[in-house]
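Input: one structure, supplied below.
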Amino acid sequence: MDKTWNVYLAGEIHSDWRQVIEEGAKEAGLAVRFTAPVTDHPASDDCGVAILGEEDKPFWKDRLGAGINAIRTRNAIAEADLVVVRFGDKYKQWNAAFDAGQAAALGKPLVILQPPEHDHALKEVDAAANAVARRPEQVVEILRYVIRGELAR
Amino acid sequence: MDKTWNVYLAGEIHSDWRQVIEEGAKEAGLAVRFTAPVTDHPASDDCGVAILGEEDKPFWKDRLGAGINAIRTRNAIAEADLVVVRFGDKYKQWNAAFDAGQAAALGKPLVILQPPEHDHALKEVDAAANAVARRPEQVVEILRYVIRGELAR
Amino acid sequence: MDKTWNVYLAGEIHSDWRQVIEEGAKEAGLAVRFTAPVTDHPASDDCGVAILGEEDKPFWKDRLGAGINAIRTRNAIAEADLVVVRFGDKYKQWNAAFDAGQAAALGKPLVILQPPEHDHALKEVDAAANAVARRPEQVVEILRYVIRGELAR
Amino acid sequence: MDKTWNVYLAGEIHSDWRQVIEEGAKEAGLAVRFTAPVTDHPASDDCGVAILGEEDKPFWKDRLGAGINAIRTRNAIAEADLVVVRFGDKYKQWNAAFDAGQAAALGKPLVILQPPEHDHALKEVDAAANAVARRPEQVVEILRYVIRGELAR
Amino acid sequence: MDKTWNVYLAGEIHSDWRQVIEEGAKEAGLAVRFTAPVTDHPASDDCGVAILGEEDKPFWKDRLGAGINAIRTRNAIAEADLVVVRFGDKYKQWNAAFDAGQAAALGKPLVILQPPEHDHALKEVDAAANAVARRPEQVVEILRYVIRGELAR
Amino acid sequence: MDKTWNVYLAGEIHSDWRQVIEEGAKEAGLAVRFTAPVTDHPASDDCGVAILGEEDKPFWKDRLGAGINAIRTRNAIAEADLVVVRFGDKYKQWNAAFDAGQAAALGKPLVILQPPEHDHALKEVDAAANAVARRPEQVVEILRYVIRGELAR
Amino acid sequence: MDKTWNVYLAGEIHSDWRQVIEEGAKEAGLAVRFTAPVTDHPASDDCGVAILGEEDKPFWKDRLGAGINAIRTRNAIAEADLVVVRFGDKYKQWNAAFDAGQAAALGKPLVILQPPEHDHALKEVDAAANAVARRPEQVVEILRYVIRGELAR
Amino acid sequence: MDKTWNVYLAGEIHSDWRQVIEEGAKEAGLAVRFTAPVTDHPASDDCGVAILGEEDKPFWKDRLGAGINAIRTRNAIAEADLVVVRFGDKYKQWNAAFDAGQAAALGKPLVILQPPEHDHALKEVDAAANAVARRPEQVVEILRYVIRGELAR
């Protein structure tokens, strides 16, 4: 009867942060449906050419894949009650910032999950967010509070 | 099969007006899902620092908490079929007027629940509302009429 | 599994046209949820003062009632997959044309149900509509075709 | 340097109310650009067939004209800072109520200009309006106050 | 618990491409609800006059039918998580391109299904799409990947 | 002081219909700013590779060009007070129908200019339009009437 | 040639903060057009009955005035590039918070100008703002930086 | 009389790419108004504390500055006919990707200016763009073509 929250977990795909959040929410008994981009990195890179046919140039191979991935992510953002974007230690992660920009422009509540060393580089993104968290467990606490009004103290 | 109405009960958190409305709607057998801000005042004030870490300055402590509370309230307003905003006797209650302004700008039906002594101070807010009620029981009557077309006479 | 259509039946409240459409849709086995303004005319006129308290001037009595009725109709239009507006033989029926204008501005599919003698007076409204029907049975046929692709021939 | 207000004068085309407002605004030195539907009634009725070719059936003749008139009125409503809708003594005037419905759904400020005998029939329209005026001179006063903050007292 | 995807299959109605996609999705166990325009060509052409009454001129007969068909298609596009538009070998198929234009303007994810000989003529449409597929089986693969992250390799 | 109308002339680029409309509007002294896609066909086809560099595959050459052309056309549609779409005798013209679909979804007034032999194929597009004209001179007459209320009779 | 910024100065009308900002912007040579609610308090209170006729009940007198004032303020918010909301020492000032809520919901950049003693009561409003200033001179500095990139250091 | 294009030049602020584009557009005689974030890096970093007062924690110093910078950039994106985002060789540049995400969600035409070594990291951003350019001179060529239809060949 109560609402099930849609939470889109965007960004970094090389650590287990999504699992920590999903298990934490489950343990807390929170009614949340999590969505995510495809986190199998090779599949995400190859989906375009695997489905639509080979391309010689990497530029167009990437284009084919990005177009298909966007079907999933655009739906995920559009339906989200909350968008969580994780910035990790490696890679450019422009995709994460791009998702955050879309979420902000659509008026979606936004939580950024990032280590302090990125604070200055992420200052515009952080300023558009409802919260800046350091650890995935904090995202679980945010969900618990926002959904049930409970604060672990 | 019939629609369940989403009603967001915004504003004052120091009297039992939400309970009166929720029980009245239940007794009347109305299909309504009520949402509200977190009404545990200390939790609402502390949620930011409790989850994200301490802040020395009250200004930033408040900022952390307000950001998290907004995740809940922005969703509540966006999904509401009706927003009821209660103004009570104490405090500044700018948060209540801020919620009413958001609801009005989003084209949400709006009911203001307030004592007559605030009429002049609330005139712009009232003018944007579908109804100005004095007692929570009147909100139940509005819901009964709006949902089932029934008028207690 | 298939979609249930939301159809708002706006306008005239003094004949049984809604019943004809609802029964026709039921007999045809169509998955439709119908909504309507409150069709109990005295209740619709009195709801404001009955709930919120008496007013001396008819102008403000009407204002109180119209505000509450709009909670119901605004929701009905916003959720509708199809808005059907019936113009009958009597009264000014500006409310019906007002609902049609709102539906058109929101991009809602629109069917006008009216007798031919109103054709000229309704020409702007008709031009914004997907269909102009003469009898409620035609609205049932439109629903059957639009929902199931079936044409009685 | 100051803003020029766009005011759309919709509705009745058989009395000189537009002229009264336009001259009053001019005398008051207000920076207003007024728009209106085509007020030459025969031209408004005939524009479709005169431009696009004859039609045997009045229903389709009306459709051709209404489509072309809507190019003008849809632009006028979309650009308006204020929509004034006049209801007079004669005719069905559903077109006026339809324009008011569009303006309301688009969030446009709305003033209704009508005689008191229509109060009850227009109650839903009036409830969506910022003001209900009785004489065109009052509309000039509203413009003077809204644009320059001046009140004739 | 997981989302059921709404996929609108627009365009060509003279080959079995919809059946291939629907069966492929079913075999893959994907949670998809497919919508489509009415694919019974004579019914689609005749629905207007069959329901609303005969018209002498083909132009107005077509108008009556197109208005009713648009009730179905406008809803289908508005609710779609993905719009697939098929261009075949015959006919003008402006309706397909018109649907694609609506989907693009509404920000809907878009897949074009077309033979290579139409590449140049469809270049603007393709540039607005997330993917250009050649065979309906590729659309099934896109759905499988987008919904479940699985890539047949 | 009066508004200058923005009219986007979309579609066919192989006859002089735009010139006829532009000269007609000029002769009539109408304040109109006309926009159009790039009508130099080779430039329109080559702009992508000419600016961004060669591509071997025609599919990607077309993609580069279409992306750049869309910068111009998307702006033209977004700013238009009226979109006129011309369908001629040759080519697939899916681009024209795609522009019409975008205009319709954005709520832009729409005039279709087409020969009668395309009536059936264009029925869905025509049903979304304010007018269907046969000759460019009729578009001038529509502009004259819509802008100045004048009807040549 | 450069943009003139529209800045809406909402809120408190009993001190000279607007004059300080307007003169400061003028001295700095900034291209800004300032708008404001009617700051003549008696005029703002009386405009409804002065124009539309007397009302016995203060509630309806206030309603008439608030409706007319909203014509001005709704336009001011809708056109603003920046909304500045001032909270002073006296009165309930719910109107100011209501304007801030509308601005936030419409995605308008927002600056709150308030004394520190209101920090806690305004925490939700502040969290939706781009900046919280203490003195009107700081608003001038914000404008100078935002418009010309200059920082007084 | 012709439109002046608004072009927002977002992203990298450490090379002269904006100057190249602005001078190129000027030489070509194109009617373009360029906007940009504040490109004085220290000013951009310090604006918050310089105007609003010191903060001990870098996190909050950054927050103050980012809030003020967003007043400028949000306006620039909202008014742009074209958003050009430059990714350079250094820094994280999440701000650039965040701006691109906002532009994409708002349906703004988008050009990405980047070196080929970032192709893979920017694939999702590039897929949302109308063009991917390598040199600022290409952006000038795009503007020349889009505004005047001229192609240097």
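Quick notes
Lettered A, B, C, D, E, F, G and H in written order, each chain numbered from 1.
Everything that follows uses one rule, which is that contacts are C-beta pairs under 8 Å (C-beta built on N, C-alpha and C of every residue); 3 or more make two chains touch, one makes a residue touch a chain.
The model shown is predicted, which means the values in this text are computed figures rather than measured ones.
Although subunit C and subunit D share one sequence, what matters here is the overlap of their interface residues, and that overlap exceeds half of the numbers used.
By number of C-beta pairs in contact, B-G leads when A-E and B-G are compared.
Measuring from the averaged C-alpha position of subunit C to that of subunit E gives a distance of 30 Å. With centres taken as mean Cα positions, subunit H sits 37 Å from subunit E.
Inter-chain centre distance (subunit E to subunit G, centres taken as mean C-alpha positions): 49 Å. Between the Cα centres of subunit E and subunit F there is a gap of 24 Å.
The set of subunit D residues that touch two or more partner chains comprises 67, 70, 107, 132. Subunit F contributes residues 1-3, 5, 81-82, 107, 109, 111, 129-134, 138, 141-142, 145-147, 149-153 to its touches with subunit D in the complex. Chain contact summary for the complex, subunit A toward subunit E: residues 33, 38-40, 43, 46-48, 50-53, 64, 67-68, 70-72, 74-75, 79.
Interface residues of subunit B, counted against subunit G in their complex, comprise 58-59, 62-63, 65-67, 69-70, 73, 87, 91-106, 116, 118-128, 132.
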